[in-house]
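Below: one structure in structure tokens.
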Amino acid sequence: MLECDRLHTYYGAAHVLFAVSLNVAPGTAACILGRNGVGKSTTLRTVMGLTPPREGSILFKGRRIDGLPAYKVARMGLGYVPEDRRVFAELSVEDNLLVAERQAEGGFGWTAERAFEVFPALQEFRTRLAGFLSGGQQQMLTIARALMGNPSMLLLDEPTEGLSPVMVKTLEEAILSLKREGLTMLVAAQDMHFAAKVADHLYVMNRGAIVYEGQRADMERDAAVIQSHLVV
Amino acid sequence: QQPPIKIGLTTDLTGIAAAYARGQVNGVELAIAEINAAGGIMGRKLELLVRDSQLRPELGTSHTRDLITREKVDFLIGPDASSVGVAVSAVAKQYKKVVVMTIPNTPRLVGELYHPHFFTIVPSGTMLARAMAEGLDKKYKSIAFIGGDYEASHQAVKYFGDWLAKVNPEAKITNTQWPKLGEPDFTPYITQLLSSKPDLIFSYLWGSDLIAFIKQAKSYGLFERTKFATLLFLDDLRALGSEMPDGILGQMYAPPFGTKGGKMDTFIQAFNAKYNAYPSDWAVMAYDGMMLLAQGIKAANSVDQEAVRTALEGIKYEGLQGGVTTFREVDHQGNVPSFLGVTGKDDKLPFKTLVDIKRIEADKVWPTPQEILAERK
Amino acid sequence: MTDAVLELRGVSKTFGPFKAVTDMSLSVLKGEIHALIGPNGAGKSTLLNMVAGGLPPSAGEILFAGRSIVGLPPHQIVHAGIARSFQITSIFPKLSVIENVRIALMARQGRCRSLFAPAAGVMQDDALALLEQVHMERDLDRPAGELAAGDRKRLEFAMALAGAPELMLLDEPTAGMSPEERSLVTAIIRKINATRGVTVLFTEHDIDMVFSTAHRITVMHQGSKLTEGEPAAVRANPRVRELYLGEAAHA
Amino acid sequence: MGWRREAAPLLVLLATMAALPFLVGESDVYLANDFLITALFAMSFNLLLGQAGMLSFGHAAFYGLGAYTVALLYSKLGVPIVPGILAAPLVAGVMALAIGFFVVRLEGMYFAMLSLSFAQLIFSVVSSWYSFTGGDNGLPVSPPDWLLPTNAYYYFTLAVVSVCIGLLFLVRRSTFGAALAAIRENPQRAAYLGLNVRVYQLAAFVLAGALAGVAGSLRSPLQQMAFPSLLYWTQSADPVLMTLAGGVGAFIGPIVGAALFVLLTFVVTSHTDYPLFAFGAVVLVLVLFLPKGIVGTVEGWWDRRRAKPAPATPPQAAHAAAQQEGSRP
Amino acid sequence: MTDVLIQILSGVSRGMVLFIVASGLTLIFGVLRVANFAHGSFYMVAAFVTYTVTRMAGGGMPGFLASLVIAPLCVAALGAAIEMLLLRRIQHRDHFYQLILTFAITLIVADGVKMIWGRDYRSVPRPQLLEGSISIFGSPFPSYYVLLIVIGLVIALALRLMLERTRFGKTLRAAVADGEMVGALGVNVPLLYTGVFTLGAWLAGLGGALAAPVGSIAIGIDNSIIIESFAVVIIGGVGSVSGALVGALVIGVLQAIGIMVAPRLAIAFIFIALCAVLLLRPQGLLGRRA
């Protein structure tokens, strides 16, 4: 579904991603683990077209998407949940969803109603301005918002940040059920446990490069290696 | 080959008075072209240096200084807006350069700011306001005033009122309105003016303000309901064209059609040939100003400032407007006339002009030397 | 009650018809690490914000060291001895990392009032020490806005530490951090509490961190207090397990 | 940025300006005088915009008040120019305090519009109070004979402006300046660090107003006139443009901007029939191609030239890339 | 009494022109956060285009209608070009830069107008049909002003519906807050911005075309309208179309009444109103508190 080949990304003069290559097969979830500042968010932004790579190529559903503006990437069916929430503070919850609503190729028929089913807390506040939601509520909203675009693949940047344990569980279940429906996912996360629950495939990043790659089955075996990349 | 005699002209080619400045530059250029064609003065050609002061006094100062100190101009000819005029006059005073003003007419120039190198051939604000009072029919008793909210217009109503008290003591100014300069909407003022039911409205609006006022007043039937007397520039007549109502009392500085025959007709033709346009009041005064300055230089037979100043003080110049222009000693105010007439159609021109023109001579209305001296205190 | 540094009595906050916090009473004892937990939207941030002076309470009293601080503007509350960090990081993005901390130190000590005294080097050493503590000494001269999310969070924490406050209000201080940095921050909290007796009131969703760090825990739910007590007791509370931890009560 | 790096160009500039009358003609000295005053005006403005992030659109009010203080003291009370120039910052500062008290409550564009409104109110008073201010044709001032020669007044201006810019230099690098920078970046955060944001903003506003007053007070003796147009809003736009064109972030940015504008205005109004067009085109090009203003862009270019090549790929990244190649499915 | 009524009505009609221009500005300023100084230039250019069109088509109704269509379109095209060629390139920089960019444009346009139309001021006649006046309680009220009031109200309603009710409007508001994020949701943000800017320019053009037959067309009308429009936008609340309507009417009517009560304040009137509103209700009459 998504094939990234040797991506190099820069912020101005700062070289941040070094030859990042990763693949996500249709209907599976891949997870990028790594400490702070290793380039997880940048990888997702690069795929999304927000910080285009200077070198390398990205194929989505077999088509080149590197160099395309973000809106074209989104229209091809890639949904994005950013790390710092970025809800539209001055719009109501409902309108946040409305803005994102879009029928894309190969979507899964998401509507606001279905999103509210997954996140009942949002239903309660559907007319409240998004800026007034609590941190966790905002996090749910960004996920719901991304679903409204009916993506065939979702990029999630630390989706559990700021969620209470009970919400994390709900989210895990939601992700698994989305996966069952056939949605492909690439998730950036800090948390091994979460990754272990949702990911079929695992990448570990360190200092802008992928330093480990493995299947879910390998995780236990390689726990020590993975761990070694997650500490300094 | 003798070096040319340099004339410096700082004027506001940018800003709301730009149209006047253009006419002025053209007038001076035409005069210089004619002088040079006739061989120049003392065998020297004249050269004009134009600077744009953009209606900013400080820029007027910089340019005038620069013209004097870097370009070494020999004489200055007047700027456009009064505020820049004041600034230019101050520089001329400091460097003792002869300057001839052809548009600015704030009474302060001949009053507190006067200096011996200053000469003007524009009827001052005082003279115009008094001429208006002088020329009005005595039957108008209740008079309303409207003028832009700035100094000249406040002074105008004052001088007008004072003179009225002398020539028509029964008349009263019953209502005054002060829209800001550049006001796009005069309707509130129009309704105010009309509600006081005056015999006559005296307006000190000009340029685009006057045009907007006239157009808006038309739909309120103002010109049918009351007599309207206003300061009027040729540019206004031209811009309004056939929209200009008939029967408005207009006061003008130096309308080309105000003087029949003689030099004026030649001038109009020459101007038209050169610029493909009918000259404005400003072009007339600018042309006269330049010619007069040239005559002064010729008379002095030198470009020495003091010699030329003395020559100008005693000059007798026969200009476009007929009569002989001289400067009086106390304030170097030229004895220039102003004109009062009624708007109407002229078959020869594509816009309306004044008919029944009255020429009001300077000596009737200019302030007495005592008045001038009192102001300088 | 006597040794409570911070005491809330019947504090409420309503936004229009919505009650974000209802009649909350809370005492934070001197020298304790007090955790405030609860489901998303329970009102934790709102509560901290009221203490810090960012929001006026609709009702109730807030006492700090026995003195009411309701109605005081934030900067006065800071000078009274309360520092805070934000849930959504709030730093000076274009200033360098070390300048961020230095300004925090200078402001806290009231050293910004001089028009002419050069700022260069002022409190440089203290700032360095703080940044070393959070292991950011390598990023000193980077503009703070360029930091990755987790690093910004650490910087924010360092700024809250600046100037030795008596009470720290930390809103999810370790959210978005990797496990390693998380334990670092936790260790610092414990350390300043143990060595300097700094009182800490914090919110957090990482339960391991909460239960291992806090001396006492208050659980909020829908704007009011659900329960309060020692970590073990709170953990065992069936309502907490159901509403917050999401563990089936019978499990 | 080290203070040497900021001070060095200032000192070079000071030396150049001091030598100028020996190198160029009277008219150019006059123009340079104009530049010095304009530069101080723009610098005082940049204390607000560059340092504190406050976009004031009414800064000309204080400039004009400075000019009128000198003119009024001179013409109404016969006070000579020099004491007038000393009084100007006081008058402008007090006015800035009164206006600042209200305007610092607002932020961003609202702050800009409120400062504009107050300035316009002062402008309307000045331009229509004929008996006191002389109205729209201005109020004359005559410098004493010893200041009348172009060079004499030039050196006088140079001295005053140097002192004021020196002051601004100190303020920028002071702890107060650091607090302003923090407030500019994130006022909310600054408040939660213990800064009384309003008071700091007010202090900056007063200081900037007072220094603008000094600039204005130097202006009216130069023109031998105080004009209401010195207080008009278009005059307030000037320092904004100069500062942004020169570079908001750099200390000497506004000076460079002022030099450019004074010179450019003079040149275009001397040589073209369409000065606004030429001027606007230059500004347009500056904005489009020099994103950080002139000084900022030059500095960036300088730094890049001197920077050592950035460290290349981190060691283990290269190795990781290789490993990637092998493990690709 | 009818005096006062007529006074108010004329204030309203003036307010309507101001509203039409300011509504374009409030869109551009409120929605795109571009403090567009060139807005006054759009107004001026439209007025001059109106002059040319009516001269070519003769003064009557056809000329008037043609100018009402052509002038705003010309200006809209100009706006689109400015947005795509210039503003877009500095979109990601500090908003200050857009301010000076648009300021530079005002200068260029001011002289551009001089190059094309000269320095003289001009006048556009009203079509015969709208030349006269209707009678309101026996006092004449120009029929052209009635037309202005009607057009203003229609525009207000249309804009309000567009912004508040349509997805387009909501997307717009979201894009202001976080353009990058909206882009990541599949919205072509640059196109959206161009669209808004063009619409804003079109409104300025419409205002210019409508105002041309009532006033005079001169260099400098850009200057006065821009300050008044900003005042209206701020008084009404940035980004709020209804606010702009209220703001414009408040200014129009208060000015009309104000000169009866305190004529000496007329010159400073708008700024007194601005100060009062900003101090008492900084977010504007209908603005949302941030």
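When the chains are written out, they are named A, B, C, D and E in that same order, and each has its own residue count from 1.
Note that a residue touches a chain if its C-beta (ideal position, glycine included) is under 8 Å from a C-beta of that chain, and two chains touch if they have at least 3 such contacts.
Which protein is which chain? UniProt says A, C = ABC transporter ATP-binding protein; D, E = Branched-chain amino acid ABC transporter permease.
Treat the numbers as computed from the prediction; the structure is a model and nothing was measured.
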Sorted by label, the chains bordering both chain B and chain E are D
Winner on C-beta contact pairs when A-E is weighed against B-D: B-D
Most remote chain, CA-based centroid, reference being chain A: B
Averaged over CA atoms, how far is the centre of chain C from the centre of chain E? Could you give it in whole Å? 48
Chain C and chain D: spacing of chain centres that average the CA atoms, whole Å: 41
Which integer distance in Å separates the CA centroid of chain A from that of chain C? 29
Per the C-alpha means, the centres of chain A and chain B lie apart by a whole-Å value of 75
Could you check chain C for residues that touch two or more other chains and list them? none
Check each residue of chain E and list the ones that touch at least two other chains. 110-111, 114, 223, 264, 267
Among the residues of chain A, pick out those that touch two or more other chains and give their numbers. 14
The residues of chain A that touch chain C in their complex are 11, 14, 34-38, 41, 83-85, 121, 128, 132-137, 139-140, 158, 161-170, 190-192, 230-232
Contacts from chain E onto chain A in the complex sit at residues 167, 170-171, 173-174, 177-178, 180-189, 288
In the complex, the residues of chain D that touch chain E are 49, 55, 102, 105-106, 109-110, 113-114, 116-118, 120-121, 124-125, 128, 233-234, 237, 240-241, 244-245, 248, 274-277, 279-281, 283-284, 287-288, 291
Any idea which chain B residues touch chain D in the complex? 13-14, 51-54, 56-59, 61-63, 65-66, 69-70, 82-83, 86-87, 90, 94, 106, 108, 112-113, 149-151, 154
Listed in rising order, chain C residues that touch chain A in their complex are 15, 18, 37-45, 87-88, 146-151, 153-154, 172, 175-181, 205, 207, 243-246
